[in-house]
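So that you can tell them apart, the chains are marked A, B, C and D in the order they are listed, and the count of residues begins at 1 in each.
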């Protein structure tokens, strides 16, 4: 089955966005790259740091409220509709809810060719990269590194602590099934 | 009919994004703000400045190719699906194709409560704001100021050369029909 | 005396940076634009939200600590040295300390041709623009609008609530004394 | 002699900025991080892509004109003055002119305690990271990887292809001489 959606799941600062951009560069067709960051940017500023939206606790843990969940569900439905309408889509996600998060996407993407990719990165390495980026809330990388992968099932996994983003993208691209596939 | 989608159409540097953020602040429910910039950011870097993607001519005119049109059509379908799935959405658009652009959105948004808003800004003022922003290609503001409104039909129009973004947002919010509307 | 430094003082969201970029566009010689934002970006992330660095209270008031003051003093000395070494410099500042802030700059810029410009913007208008920008801490614009001008002496003042940034820049440029001045 | 300035020299996408931010996090005192990017951002937009300013050729080579050199000389003098006024400064640089670039800094920093650090990164790795970042002109990383180090003399060198930014920062921090040093 032709791959229409690539879902990259990994913790904060694990290197998903870099892999997404490299995938856009190495794949022969044009792919849209959309993700959690796109959704959060689209939300009202007031939903960050509110009980209904997203909360960041002092140790970097992320808690999302009911209003966030409602908009997220609509977002997922919309991204699935884009793929059904013919766009190839790379989804850059953080499965804070583990298998529940995956299930929400799986249900929405039913009937589409999906490649599930785990983007691993050792917690200590990701925490160091969080410091190097300087634009993320300290502690998110460490708290998410293992959490987001628990109980999630992948077609393949890459490890950005052991290979460069472009290398990871090439491995993933090798598993993307083409139109004649 | 309840307003589910607000479409803001205006040229580059006319102040649409500022109005969108103000709308998110003044409207009682949470609204997603999505737009042309979101779509362009999601596209491969190579599609900017390519015959298939987006081209910026020396005088700021924007030309989009067939690959861009394909992804855009899927994007529009997806945004419509988000609204159908229950998200309220502010769409921040540049109708380079005038009535043809509007028709593409109108067809996709069929059955939804849509408020069509023209965001006007005198070409000379917009060109000055383009200089003040410093991050846009010179000439886009002037070349789009009139062009994007020709033949487009609105429920209401605002003029950011005559009123502040927040004021414009309040006028628009006054026309948003609520759930009991 | 030839103008070597233009100091723009105004509250958050008063439009100083836009005027600085317009000045760079309309002045015939190349000018460097440096400001409080440049300094804050250069500081360690940890100095934001710490007692020694910068603190933002819930209502947008900004408090700076001793470590901030030390680095700021060195920064001011360095910017003055750039002007003495031949660079024309636009300084984009927020005089939280009013006349004390101005005195720190005046002492450092001794012997240089300085044009002192007040960038006024009605507090309510600035607060609205803060919402439209969406990337500033709410309340800064209102709390600084009057405060930063108290007791400060200017060569000229502009009001971004009454004129566009480019227009303000043209007025300021008209007061910049050239090399043969 | 106490270290007052740390100069990081490396090609585009070699990871200098990440190391600078990690240094700010691991060093006990507050350090300012300033660099080529700060200077370029401070310049008029028109100086990019002009004969007098900065030009990027199709293969990512960077050419700077006389106006750039003039402002750069004043910038270097100013950064040196900041260090003399008591600020500890991390300078994040690209020595396009190799030993000539280093000599310009060495002359300006005379009398100050300077730690010269070479930030190496294999050209192919840096080129891959350039793709992953997605915001740099393609080709800069490869064309600068070796060039900027030719004839430059360092106190120590780090290699971001072999160690994480935080690790590199710790090695550099171990060579920073303290006040009692």
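To be clear about the criterion, a contact is a pair of C-beta atoms (placed from the backbone, for glycine too) under 8 Å apart; a residue touches a chain by one contact, two chains touch by 3 or more.
Not measured: the values here are computed from a predicted model.
Asker: Provide the labels of all chains in contact with subunit A and in contact with subunit C.
Answerer: B, D
Asker: Let me check something: if the centre of a chain is the mean of its CA atoms, which chain is farthest from subunit C?
Answerer: Using the mean of the C-alpha atoms as each chain's centre, the farthest one from subunit C is A.
Asker: Between subunit A and subunit D, what's the gap in Å when you average each chain's C-alpha atoms?
Answerer: Roughly 32 Å separates the two chain centres.
Asker: Give, as an integer number of Å, the spacing between the C-alpha centres of subunit D and subunit C.
Answerer: Comparing mean C-alpha positions, subunit D is 27 Å from subunit C.
Asker: Go ahead and note the Å separation of the Cα centroids belonging to subunit B and subunit D.
Answerer: The mean C-alpha positions of subunit B and subunit D differ by 40 Å.
Asker: Going by the touch rule set out above, which residues of subunit B reach two or more other chains?
Answerer: Only 21, 25, 45, 134 qualify.
Asker: Show me the residue ranges of subunit C that touch subunit D in the complex, using the header's touch definition.
Answerer: Within the complex, subunit C contacts subunit D at residues 21, 24-25, 30-34, 38-39, 41-47, 52-53, 67, 70-71, 73-75, 77-87.
Asker: Can you name the residues of subunit C that touch subunit B in the complex?
Answerer: Going by the criterion above, the answer is residues 15, 18-19, 21-22, 25, 125, 128-129, 131-134, 164-167.
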